[in-house]
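Both of the next two complexes hold chain A, though its partner changes from chain B to chain C.
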Partner chain A sequence: MPIHEKHLIRPENIKSHDKLVMDGIDISGHWSTFIETRVVKDYNESLQDEIAALPGGEYVHRCWQCGSCTNACTVNAINPDFNPRYWIYLIRMGMESELLRDKDIIWQCVSCNKCTYVCPREVAPEGVMKATAHWLELKGHTPQSPSTIFDDVFSTQVIETGKIEDSLVVRNFFQRTGQSLTQDWLIEMVKRMVAHLPVKMLMALGIATVLRPRTKNWGGARDAIKEYVAEQDAHHRKALGLESLVEMAKLEAAAPFKQAAE
Partner chain B sequence: MNAPVLIVGGGPAGLAAAHALSSVGRPNILVEKMDRLGGAPILSGYAKLVPSGEWAKDAIGGMVSRVMDNKTTDVRLNTTVKSFDGQPGNFSAVLNDGTTIAASAAILTTGFTHFDSINKPEWGFGLFPDVVTTTQVEQMFSSGKGVHCPSDGRTPKRVAILLCVGSRDRQIGREWCSKICCTVSANIAMEIREELPDCHVYIYYMDIRTFGLLEQKYYWRSQEEFKVKYIKARIAEVTSNGSQLIVKGEDTLVKRPITIPFDMVVHAVGMDPNVDNLTIASIFGVKLEPNGFIDRKNTYGIMGATNREGVFVAGSATGPETIDDSIAQGQAAAMSALGMMNIGMAAE
Partner chain C sequence: MTDNRAEKYKKVAYYPGCALEGTGHAYNRSTKEVGKALGLELEEVKNWNCCGAMEVKNVDPKVQTYLSSRVMSQAVNEMGHSVVMAPCNGCYHNLKKAEFELKNEEGTREVVDRISKKAGHKTYQAGEVETIHALDWIKHGIGEEGLKKKVSKSLKGMKVANYYGCMYTRPRNIFPEKDKGPGTESTSQPHFMDDLLAAAGATNVDFPLKTACCGGAHTLSDSDMSTKLVLNILKAAEASGANVIATECPTCHTGLEMHQIRAEKRFGVKTNVKILYFTQLLGMALGLSAKKVGVHENMSDSFELLQKQGLA
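Our next item is the complex of A and B:
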């Protein structure tokens, strides 16, 4: 039996005919409106396995839908559509099309881990959010989100140089996300840093910006980390049934690892 | 006061009462209407029991041989009680073979009757061979045949277990919770996943009542280790598309109607009052409680007392019970009977 609750009716499911005459009776427009039911016709059993194969998603199958995570969630307080409990359910039951409806907000998790602390079943919902965002990206449903671009920029630099240089991270991040370096708030922040930070520290910052320090003899570590990262990536892609090498080449072309480290 | 104690019903509760009395040297007569002792776990061929994990034929079979081997218990199979008269310490019972026996007290351990799923026609039992009951799945395991669809013998790829079939349902006049079926279903789900790792098991529930320590061992473990899926929905109907069963209902957590294909649907059948209870009540002069189980006189006084002095009750005759609780009650009722006789003898 279909359920007609107004908030559950979706615009794309409303069918009406501008012109419809049946048995000589004109039932155009509103008179011929009907709502397609949102029936779950099958469970996609691989969805849960795919999410569980990505880091953070391992415990998704434990969830018993208590809603503690959503209640505790920082982002949910601002955006009620951000509902970890609900997405975890969709993942568990394999309601992929339903999950994809929210693909543009899932990445907004701020990793505050409040959910992780309240969850009575140790599902680690924060991890599931991460894995889901990762899944959406790998499957090509979403472009890289700003937060994963940031992670990328950050980790690429660490991997390449064995050090982290903040201003370079910020510059690369702004460049990759197409943001201007002369935004008002940024200029203001730099001004105040100059005004309030100890001179010694400012000098160190300046030197680091110019000289870009590297950890000595880092090469071996860098190669090992890179190899590991590539291995993991191939492993994840395989779990999602994606062509590993071809896709990897594509990804590298879209988001080259080297770019930030020159 | 020296006449034997009459025990009616040779299931876990009756076996426990018989053993308790024999172990203190008190003669007793165990009357069982079927041709074997053991009650539901043996007669219905249960497989591995909760919470012990022991096979029913070993665990309950052990209780049976313990009673059979002890001459203090006089076992009468294929026997029922036709009439029961007299006073505490001095009853006389007429059995169906015409013999009359003297009894000092009686303990009713006549148990329960499995709910007959035919009474919920919308869930397809009796219409589609691949709709089965938990009892049938237990038998698939205990017979060693393994889980299979009765229609063509294939191993199922997807199984739905429907909880509360014949319980918690005013439509069919059964308002009680049968207490054990959630746990038994979680256990069966794990056993299916263990035997057929490629088979997905879904449990449709209204509440999960794996009470006490069973929560972790059955509900949590079935999800965490065996990836059994629980869906909050009471199924509306089970139909067939010719090759598979179609389960319809509402997934209440996402407010969506569901129409999902399954290979096999399992009814978690509940525990009804024994169909003989009206007869038993009139023969023994005991009251039934509103649902039709044998009424206990009080909760905290004399364990197992009924409204009729000298007649005690134990186990699932009083309402849905687990095996371990039935055993405890059987022993408690034996103790109550002994206590009553002790007081009687002191008065003589």
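Our next item is the complex of A and C:
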């Protein structure tokens, strides 16, 4: 049986009784020893294969659970529920429903690569986190995360023109996530940015937003990249058993992401 | 790797990358000025493209490898260069990674070949160029002794926390030249920036978060997380006695500046440590004016500190 170090004491698993007497002794109240018996029956036997079929997840099978990744993790230091070692365990065991309990935080991996640096088995846990976040979205378990939207906004611009222009990426991202561009800290930032700038430079910055930087003769690369990405996308969907139109329709419906304006 | 690097790095292909044409413009300006002052020549890669930063790899890692390979192909095939210098950690990391993957990762070669062919340029072959960071360029192209001879305004009194970030050191396997003993860069305790700034007269403080993460990948998509991570760095720098954080990456630099402001506005936590590119500090030590190295383009306003130190 797997060892579920912290999940055993999740509040919903603990039994409490307003009035319970056993063998003449009053044991009413909240007892961590009265834990709901848990039987896992819903294994997804292909979970590891599905994650391994997505970019970054290729080496998940190598893991021997040393926990170095979680120990080194930047995000874990801020949020202890962010536990790559445990998620890799769940993926390898096929415990999908357990994994889904953390579905809303897996995308928060900041790609600092500390885990990949310390991993003695070359699992590349950073890649596994990205593959898992990708898997959650493809399967329709989560809407597109802000991170995926940012990747999309950024990559689309790179693929279309060969280069990016910072301010356009920012504007497109804020628009797609429904955030205001007039937040106090953004205004303060722009103020400080232009505080010492000469007029000539401000004009140059303005011109860059109109005449977007682009790589010359990029059309061939653009088309070849698009073709390859579409091909890969079809492969991934097939590996996840998502090729049917019904599934596709469901995905479309689950896709729109709106974050309340801050 | 000992060596003819001093000779080799005298004239290199320069890959500024997108950030250095936008928010990291001060780094671009100061890198070029420092090069001029040190007699190191830069020739910008012709018609370069974005390396894919932290984002394209999440769409497809092999496309990112292609993007980086095209930059290297331009340098070698269009210009005949054997060394590409990238001052941005993201670009530097991605070019190094592409080099590693083209050598070692199954299937990468085919994808890069296929896209390059359709794009109509020569495919980059692993080993054709050496990618270096601005730190390698100055460290091996001039060296501390060479630098000392050219310093006209010592950075004496500047207490510096050297911040290298993630992409310069991790993962280890894409940097085969690092961790090779004395004289080489360390991935756990990087020191090239410390070495150069010490040669220019600065005092490097004992800063524990040299390779901590600033949350740059999620700077806008998970801003609260990034602000917390940046605050850790800013506070650790202040606790170490630093009055300035030296950076060598436009994403780290902008992240530190931006979340220093955000922490103040959103969480009411004010920090006073200033943030400068290491090339700005070196430039001023070489006698260049603060404006010449783009201090006025920074969001972090360090003029007062620099005036106090007699640098601006």
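Following the convention adopted for this analysis, the second predicted complex is superposed on the first by the 197 of 262 C-alpha atoms of A that agree within 3 Å, B and C clash if a C-alpha of one lies under 4 Å from a C-alpha of the other, contacts with A are read in each partner's own complex, and residues count from 1 in each chain.
In this section, a contact is a pair of C-beta atoms (placed from the backbone, for glycine too) under 8 Å apart; a residue touches a chain by one contact, two chains touch by 3 or more.
These figures come from a predicted structure and were not determined experimentally.
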Chain B versus chain C as contact partner of A:R62, first or second or both or neither: first
Partner chain in contact with A:I164 - chain B first, chain C second, else both or neither: second
Chain B versus chain C as contact partner of A:D223, first or second or both or neither: second
Touched partner set for A:Y86, first chain B, second chain C, both or neither: first
Greater chain A contact set [chain C / chain B]: C
First (chain B), second (chain C), both or neither touched by A:M95: first
First, second, both or neither for A:F150, with chain B first and chain C second: second
Partner chain in contact with A:E45 - chain B first, chain C second, else both or neither: first
Interface residues of chain A shared between complexes with chain B and chain C: none
Touch list for chain C against partner chain A, complex: 18-19, 21-23, 47-50, 52-63, 66-67, 70, 111, 114-115, 117-120, 166-167, 169-172, 187, 212-213, 215-218, 220-222, 225-226, 228-229, 257-258, 261-262, 264-266, 295-297, 299-301, 303
Residue ranges of chain A touching chain B (in the complex, touch as defined): 1-3, 5, 8, 37-43, 45, 48, 61-62, 64-65, 86, 89-90, 92-93, 95, 98, 121
Chain B residues within the chain A interface of the complex: 200, 202, 220, 223-224, 227, 229-232, 236, 250-251, 253-261
In the complex, chain A residues that touch chain C: 55-56, 74-75, 78, 108, 110-114, 116-117, 124, 130, 134, 145-152, 154-155, 158-159, 162-167, 170, 173-174, 177, 184-185, 188-189, 192-193, 195-198, 201, 208, 213, 215-218, 220-221, 223-225, 227-229, 232
